[in-house]
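In what follows, chain A forms one complex with chain B and a second complex with chain C.
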Partner chain A sequence: MLNTARINLRLFWDGAVLSYIALFRWLRPSTYIASKVFGPLVYMLFFVLLGRYATGSSDASFFVIGNAIQMCAWSGIYGITMSITGDHWDGTLPYVFGAPANRLIVFLGRAFIHVIDGYLGVVLGFFWGITLLGLDLSQTSLPALALVVLITTISTSGLGMLLGCLSLMTRNVMFVNNTVFFGLLLFAGANVDVATFPGWMQSISYALPLTRGIQAGRAIVAGADLSQVSGLLSTEFLFGLIYIALGYVLFRWFEKQAKRRGTLEAV
Partner chain B sequence: MTLKTIKAYARAVAITFEITLRQNFSDAFIIFAVIVQPMIIAILALWMLRDIGGDIGIFVIVGSGLTGLWSGLLFISGNSITGERWVGTLEGLVASPTPMAVIVFGKNLANVFQSLASMIASYIAVALLFDLRITIEQPWLFAASLLVTVVAFICFGLIMAGLFVINPAFAQFQNGLEFPIYILAGFLFPIAMLPGWTTPISYVLAPYWAAVALHGSATGSVPPAEIGFAWLMMLVFSLVYVLASGRIFRIVLRKARVDATLSMQ
Partner chain C sequence: MNAIQVDHLRRVFTTNVGRFRRESKEVVAVDDVSFAVGDGELFGLLGPNGAGKTTTVKMLTTLLIPTSGSARVGGFDVEHESQKISSTIGFIFGGERGLYWRLSGIDNLRYFASLYHVEPAVAAKRIPYLLDLVGLKDRGNEKVEGYSRGMKQRLHIARALIHDPQILFLDEPTIGLDPVGARELRLVIRNLQAEKKTILLTTHYMFEADMLCQRIAVIDKGNIVALDTPEELKKLVLDLSVIEVEVFGVQDDLLEKIRKQKFVDNVSVENRDQRQILTVQTPRGSEAIPDLMAIFDGRRVGKVTSREPTLEDAYVRLVGGDA
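Our next item is the complex of A and B:
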């Protein structure tokens, strides 16, 4: 029993670290800086400036908070999807599915470092917000904000895990990634108050992760305490778990179908 | 250059144009870059800017169209030589008697044409969705601005294609180069919102002058003389880009023939 737990822990850690390292071409710092620091910064600046132009106000905190929290989607959507589907493209999927390893451990391991990385991405987003865009956190409970960011990062990563499994079945990984990432940009309320959407758009918004996390984040920055956003947070977390569960079911289904049909390496 | 040579080059451009279009239309990433992403940006920007009123509809449609044009240029034209390297056809291309610049010109022409055609279709869809009345205030000036923009973007693409090959570090920042141009060229908000030190950077970018000409002629907010100046700037920069790309292509060919490092990533 203890031995199994030890093996699973090693499997989880090695899988998590190696899949992450492989994604960034063996941790070349310039690749990381380009995709995780510079890219998200200019993306955030664009939407905050657009928001300022829209409102005509110098106070851009609505857009800064929304876009800072949305930073977790860079890791949660792109990172996790690419880590899961990377096994497919690099030809290592037969080894993953051929090994007698616990599939849940393997599956969760692909997301673990990206959750940490996504969290740091949001912290960096808030850092840019404070230093470059005048975000004021004087009314904010930082531990509460930290919890909001953690839960939102996990729930967004849940969607990424589901997409990663979908990406095992398509050649068009980047199309799926990009469309969902920009779909979140539109529907999750980083730049627009979801309440102004028509009913059908709100239905999409509230079926996605991130929407409630962004709302909770804005409330916390404005001075609310954790109890006032507990409903939003618990639902956000629940949605994350549902997406993770759906992703895992799809992961197992893909393995079963690929083995049965001999399509494990098909693209 | 003889008439025979010009005819041969024109034929090479036409064939490259056709093959590139055929390839692009089956590439989901390109479809995303030139149709889906600009449409999402257009919808989001229309929603965000709707209270400004006036001619914001045509401003957003032109601005988001420019984002698609730039993204297409960056990702498709930027990779037009690198893509040949990925599929192992670059050496053959370099060895052929047709100059590589002619081939890349044909590819860029197809890329810009596809971006433009796809966007016109998608913006009609967005206009219908939002029930927008799209009026171009100065249609002839707009059409001429579009033509000069296409020339400027194709020439800009020549430089990028070469740079991405000779400097892999530059290619690593490809994703990060998308939004800075949206910002600095004033596609969806005026550059007056940016700090003053960024203005000279905007002035040396052909996409900025494209935005001035296209926004100005579409909304009628800019006098014709100013639009003419924007055309002049685009043409001057196009000439600079062509001259610079000639130098860059010589380096690429040297890598191929002397260093034998062309196919290395």
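Our next item is the complex of A and C:
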């Protein structure tokens, strides 16, 4: 029992670290750091300044919080999808599926570093918001905000894991990723209040991760305590778990179907 | 108990054709294949492209579910006990893909060691040993994307051995390698044979099968057409001699004409740059050369030689067509 746990922990860690390295090792360290630090800055500036101009408001906190939390979708959607689908493109999938490794551990391992990466991305978004865009956190419980960001990053990564499995079945990985990422940008309410959406759009918003996380983040920054957003947070977390579970079921279904139909190497 | 036992294995693929009015089409990749491989045996599966070699290996390595028939590997059923089989086998498919190119050779082996539940302490000793075995000792820290094709294929062998499996499936391991790379890889396979591993090797290089395999099954159109030792298979063509004719731009009609001659048993053509080597199997030996030359009727012909038949000639007789 203990030995199995140790083996799986090792598999989880190696899968997490090595799949992440495999994804980004083509970048020089300086390019990697620049993409992680300055990319989010440009992104934040664009949406926050656009939002401020469009609304005529001098208070940018609505846009700063929304877009800072949305930052986790970069790693959660793009990173995780590419990590999972990378096996398809590298031709390593038959060797992964031919091994006795626990599939759930393999599956979760691919997402782990991206969750951390996404979390740091949000932290950086808030950093730019505080230093350059005037975000005020004086009323904010920082541990509560940290928890909001963690749960939202996990739930958004859950959607990424589901998409990663979908991407095993399509050549159009980037098309799917782009559609979902920009869909989130619209529907999760990073830049427009979800309450102003027509009913059918709100239905979509609340079926997605991130929406409730952004709302909870705004409330916490405004001074709410954790108990006031516990409903939003627990539902956000539940949605994350549902997406992860769906992704895992799809991952296993894909393996079974590929072995049945002989499509394991079809790209 | 045999290490590998295959009974009437069959695999049919269903493909859809047409964009709007999609129609299903069935392709029989493996029709009816049965054979057994003993413990520690190096068994060859020989056949032309599309004969069903890779499909057979995929079913035996649990990557493909058979349509019908059964197979046991290491005593376990390929369809219902795939998890148990995966711990006891190693496999490689020819070509460069199947490795994490942006990771080093060592990191690739480290990850596959985790996938196969190899203890870290064991992996730490085994990885340098395997890199040495496949001649990559000094290149293990380099990213795989900088490896030559031969190096990648040797790393594949190391990957397949990371958990020290007793049974190995090597599907065309030397395909696309230069002669030196292929020779090095064959040496590795020889060493594995010396370690008493059970190996199923697929190839369409006759000399490779002749050199390495204790027994060979020739597969064609999804069926085993012969199964014996290389020596016994060669006896299939003891009644024949082989005449090789160097020709330039031989036409199909001429080939057909040669095939129809009574003294010709089989003809195959191999392209070599601007010329072709026509290999004619005949029971009349070198006596057939004048009659053969008469068919060329003044066309440009290069060197003409007569020789004893080889395993390749036996193979050509069994599967026919171009080798």
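Just so we're on the same page, the second predicted complex is superposed on the first by the 261 of 267 C-alpha atoms of A that agree within 3 Å, B and C clash if a C-alpha of one lies under 4 Å from a C-alpha of the other, contacts with A are read in each partner's own complex, and residues count from 1 in each chain.
Going forward, contacts are C-beta pairs under 8 Å (C-beta built on N, C-alpha and C of every residue); 3 or more make two chains touch, one makes a residue touch a chain.
Note that the structure is predicted; figures quoted are calculated from it, not measured.
By the touch criterion stated above, A:31 is placed in contact with chain B alone, chain C being left untouched.
When both complexes are overlaid on chain A, the residue A:98 reaches chain C alone and has no touch with chain B. Of the two partner chains, chain C is the only one touched by A:260; chain B is not. Looking at the shared chain after the overlay, A:186 reaches chain B, while chain C stays out of its contact range. By the touch criterion defined above, A:39 lies against chain B but remains apart from chain C after alignment on the C-alpha atoms of chain A.
With both structures placed on the common chain, the touch criterion links A:52 to chain B but leaves chain C unconnected. When the two structures are aligned on the shared chain, A:172 is found in touch with chain B, with no touch to chain C. Residue ranges of chain A in contact with chain B, taken from their complex: 30-31, 34-35, 38-39, 42-43, 45-46, 49-54, 171-172, 174-175, 178-179, 182-183, 185-186, 191-192, 196. By the touch criterion stated above, chain B contacts chain A in their complex at residues 28-29, 31-32, 36-37, 40-41, 43-45, 47-49, 51-52, 169, 172-173, 175-176, 178-180, 182-183, 188-190, 193-194. By the touch criterion stated above, chain C contacts chain A in their complex at residues 11, 13-14, 55, 58, 61-65, 83, 86-87, 91, 93, 95, 97-103, 107, 110-112, 114-117, 120, 143, 159. By the touch rule above, chain A contacts chain C in their complex via residues 7, 10-11, 14-15, 18, 21-23, 25-26, 90-92, 94-101, 106, 259-262, 264.
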